Amino acid sequence: TGCGKKTAAADTGVTKVVVGTGNAYAPYCYLDEKGDLAGYEYEVLKAVDELLPQYEFEYQTSDFANVLISLDAGKIDLAAHQYEWNKERDDKYLFGKEPYTTYVTYLAVTGDRTDIKSLDDLKGRKVKSSTGSNSVYILENYNKDHPDNPIKIDYVDNSTDEETVTGLVNGVWDATILTKRDTEKLNQNYGGGRDVLKVTGEPVQSSSTYFVFAKDNTRLQEAVDGAVKQLKESGKLAQISKDVIGGDYTESE
Amino acid sequence: MIEVKNVKKAFGKQQVLKDVSVEVEDGQVVVVLGPSGSGKTTLLRCINFLENADSGQLAIGDTCVDLKKATKKQILEIRRKTAFVFQNYNLFANKTALENVIEGLVTARHIPREAAIKRGKEALDWVGLGEKYHCYPCNLSGGQQQRVGIARAFVLNPEVILFDEPTSALDPELVGETLDIIKKVAGRGITMIVVTHEMSFAQDVANKVIFMDEGIVVEEGSPEEIFSNPKEERTRQFLSRIISLDSNYSI
Amino acid sequence: MDKLFGWERFFENIPKILPYLSVTFQIVVYATGFGVLLAAFIVLAELKKIPVLNPFFKVYVSFMRGTPMLVQLMIIYYGIPALIDPVFGTNINRGFSAVTFAYITFILNQGAFLSAIFYGAITSIPYGQTEAGFSVGLTELQTFRRILLPQMVRIALPPFGSDLVGLFQNSSLVFLIGVTDIMGRAKSIGAATKHVLEAYVFVVIIYIVISLTIRLLFYYLNTKLEYGREGVE
Amino acid sequence: MNFNTAHFYESFLYGIKYFPNTLRLVFIPLAIGLTLGTVIALARVYKVPVLCKLLGIFVTVYQGVPIVVALMIYNLVFMLKFNDLAGFLHIKTKAADVDNIWVGIFALSLTAVCSISEAIRGALLSIDKGQDEAGYSVGLTKVQTIRRIIIPQMIPAAIPTLINHVVGLIKASSVVMAIGIIEIVAGATIPSSRTYSFFEGYVAAAVIYWAFTIMIEYLAKVLRRHTGRFRRNPYD
Amino acid sequence: MIEVKNVKKAFGKQQVLKDVSVEVEDGQVVVVLGPSGSGKTTLLRCINFLENADSGQLAIGDTCVDLKKATKKQILEIRRKTAFVFQNYNLFANKTALENVIEGLVTARHIPREAAIKRGKEALDWVGLGEKYHCYPCNLSGGQQQRVGIARAFVLNPEVILFDEPTSALDPELVGETLDIIKKVAGRGITMIVVTHEMSFAQDVANKVIFMDEGIVVEEGSPEEIFSNPKEERTRQFLSRIISLDSNYSI
């Protein structure tokens, strides 16, 4: 479709790029206490913008699903919301080639629990996940292969971190799928000094996150990929990750 | 027999009934006359506890109650001894003519449905609505609705029937028929209090006429006394207006 | 675990949330103002049985009643530019801000709901009132303006009040397309500070205060419009 | 923008699959709302002392609370306190064993009770006082009059407003996905999380909703014609 | 002068008016009698375009229109030459008694508000409501409402007034007063068509009496002719019921 065309400011030669990102997903993309956009995505994008004089980024926020629909509808040129790659998504959108965060996820359970080590231990048990996340994809695939006693998937949207912790502690859910860094974050915020949650067993999945572009917009994709690569090489990306997330999650964990 | 004593009733500051007493013997018909706003409707409503009187006593048959302090049980007892014909009919909108008439019999008197239907049909035939058993009130003309209201009261066979202008919506032909019916019922020994503007009715069937004005009984007596020889100036004045009107076309 | 609710956090949130009340109010004012006009037009088409328009509005009202507002918001936010831009060669897709599309959605939605309320109110006025207007020589328009409208307002007021209270709450949907209102602000404070309950409680208090104010105001208006009737609660 | 019909169709099927959940989320609160709503409306119209004031305040205040927030608070309380409560009552059930759709049903029921009680109150107020008086005058008790005369007349009068609230309830039922209950919207967007075709998911949900409301509106029309057959014009 | 010719009107299959013609000279009063359901109200409504006749012509003064094909402008013109007194009053519920009366003057006739208020107050005084200027309809008794309706018609000073049972809600005293008013107005040369059940009125002020039944004019003539010497069996039958009723109390 013709919607994805960039608006050009002809005289200066600088092209405006509308970047879409989320508004309630700390620490990646959220509104800070003043109500301004903040988070890892924003910092990385700002750094990318600096490296690309021919582009000028402008930011627009909405929720996870709407960022993608906006991209599809041509309201934005670039989507950033910790998007993970899979084949079907690749059919619909143009994914960047250069990952900027790794995403290694584990099963997370309460600190005192020892009975759960792998997905097989979760048969017939209740796992919290949320629509749109890659963990749903993993769990559904698992259920497809093991139809006899499937894992009960609880799709919880717009849940707060408080709910996640409370639900696990009270046994509403047996487990959820988290990264190590998210688990630490939750312990820090709600543990009161204790490790209420822990990750367990082998990684459920290792994936990375990419920026997403409209299908025909390879020029922008290549430019951004190049900039991300530069940031990695210069160590700037790792620095941002440490500053914002609290650890270097850009290459491996 | 029905006896009402010293009824008082005020709406806000307006004293609508100022110490009204009425006594009616078994099987007698009392007609209440009076100008608009004199308290006639309010009196009937107090007797049936549709309005809370400020004070007064009521006796129907051997039941004796205080109008102000009656218990729920007493009120129900009185209501089951009386029936009310409303000026604006007040038929049950969700029930057909026949259902309107049998509702009291079946639900309040616990008469078997079959028997109630039989009596209900008789009552409707009697008021000339033999063909309208299954019509809802909204499909009946004003006059027909008023007749259903009359049948609904009669069928209960109560000790006392209270009528509030039972012929206001009827054309002259129907007024005549309705008055005939009331006369017949009077013959059965049912006591009746009738508020009406139909002088001919008062003359024809009343055993006693009561003339009210501004919340008091101005005068009472036999129809002959009241019409031919009213004692009070106010009564005379009221009647003179009417008679001058009607005398025009006595052919 | 950390305490779920803290008064300190609650009071810290107040100055952060309050400024966004104006966003909420703007949506409500636009939606109500233009919604009333649209509803009046729909009712007119219904009463006059205007061909084409009348059946069109029937489907339109049914759609607005029958589908979630979230979907209406999406269809308007993404669908309208897709329809209009290719035809007129415009670029409202990017030219109009998200909040403009939010206004359009809420106006269209309110127009549909209010038309149902107004239609119900008008048809519940006895036809004799119209006839009486005609009989003293008023035109249709005069009869509507001087006789029907004042009586209709009284009947439509209570459901209109409920609708308005609901509108305040529904307006929080706009956060999904990136417009921050009080509810969205509460949510983002939750994301930024890890504590959302205090912010939500404060927003609920705002909603309740607004709702009580509306009811009180409408109750007062209603007593002004009783035309001598005894007050009903 | 491109609309992927295959993804739309898949979402549609997913939405239908979770339709029974929406039915539960709508009809259980509706039944509770009708029962309690009628009782509250009667208590307020017939001015039961004290109770009528308290209920009036409760209904007015509660209607100011957005359902999303109410839901979130109930869910938190449920997760935090259920086990303690169950222990206190010596019930073996744990929070984990309780399907949290009941939290959603609870929240929606309270909302339904309030809005339905308002609709019924309006209908009761529109019934002529003479109908009560006529009931008393043929010797019916208050309860008999309400049951046999007032309620049958209230039903057709209340249906139009009631349907507005039922339609509202159907749509409100989608907010429960915030606490992890899958109904039509959440169901229709399950495939979307895999394919990132969210728009198609939402449109699929809308189609199901619309069809459902049209059906409800039709049923209401039939019901109104039936219960209101004693009225002159059952349509308006 | 008003002339209605060959009016026909059916509701569904029921032919309510079957070719009715009526002619009234300037300043004359015509009384329409007839049993319930005979089409009296429908005839008046057709004349005022409140009901769409299936066919027929209407002439008022020098305005001549086809009842079926009249344009909006013609309809407005006819309505501004006539006034209608409704059986059930139909007062504007949102306006006080005085506002009801002046509405037509101010909005339709564009008479300055001051002057209209003066005339409105006179009209209300005239029907005995001098103390009720600022009452809303729901606070007026039935009889008072009916009188506001009458004042609202008179104040317009139209060429023709159409009355539909203007005294149904009034007590005998007020009936008398209202008829006096109508007589006075007749003296002013206003043409009137009055549907009524009040025989005394027909006898007293009518220049002509029309008896309708089942959608046709059965008989018409001077009051003397109709009452003393009706030609048609149906008329005789209708009147006999009434006269037997009333003769009882001609004192």
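For reference, chains read A, B, C, D and E in written order, and residue numbers begin at 1 within each chain.
Just so it is clear, a contact is a pair of C-beta atoms (placed from the backbone, for glycine too) under 8 Å apart; a residue touches a chain by one contact, two chains touch by 3 or more.
Keep in mind that what you see is a predicted model, and the values were worked out from it rather than measured.
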Contacts common to chain A and chain E (chain labels): C
Neighbouring chains common to chain C and chain E, by label: none
Chain at maximum distance from chain C, centres defined as averaged CA atoms: B
Gap in Å, rounded to a whole number, between the CA centres of chain D and chain B: 47
Centre distance in Å when chain A and chain C are each reduced to the mean of their C-alpha atoms: 36
Geometric centre distance via CA averages, chain B-chain A, whole Å: 82
Gap in Å, rounded to a whole number, between the CA centres of chain E and chain B: 31
Residues within chain A bordering two or more other chains: 3, 66, 69, 72-74, 160, 162, 166
Contacts with 2+ other chains: residues of chain C: 4, 74, 78, 82, 197
Full enumeration of touching chain pairs: A-C, A-D, B-D, B-E, C-D, C-E
Touching residues (chain side chain E, partner chain B) in the complex: 35-37, 141, 143, 168-176, 179, 197, 199-200, 203-204, 227-228, 238, 241-251
Touching residues (chain side chain C, partner chain A) in the complex: 1-2, 4, 16, 20, 74, 77-78, 81-82, 85-86, 91, 93-94, 98, 175-178, 180, 184-185, 187-197
Chain D partner contacts - residues on chain B that touch it in the complex: 48-50, 76, 79-80, 82-84, 86, 88, 90-96, 103-104, 107-109, 136-139, 152, 156
Parts of chain C lying in touch with chain D, wherever the complex brings them together: 4, 62-63, 65-71, 74-75, 78, 82, 116, 120, 123-124, 158-159, 162, 165-166, 169, 172, 183, 197, 200, 203-204, 207-212, 215, 232-233
Partner chain D, residues of chain A touching it in the complex: 1, 3, 65-66, 68-69, 72-74, 83, 86, 88-89, 91-93, 126, 128, 131-133, 136-137, 140, 154-160, 162-163, 166-167, 170-174
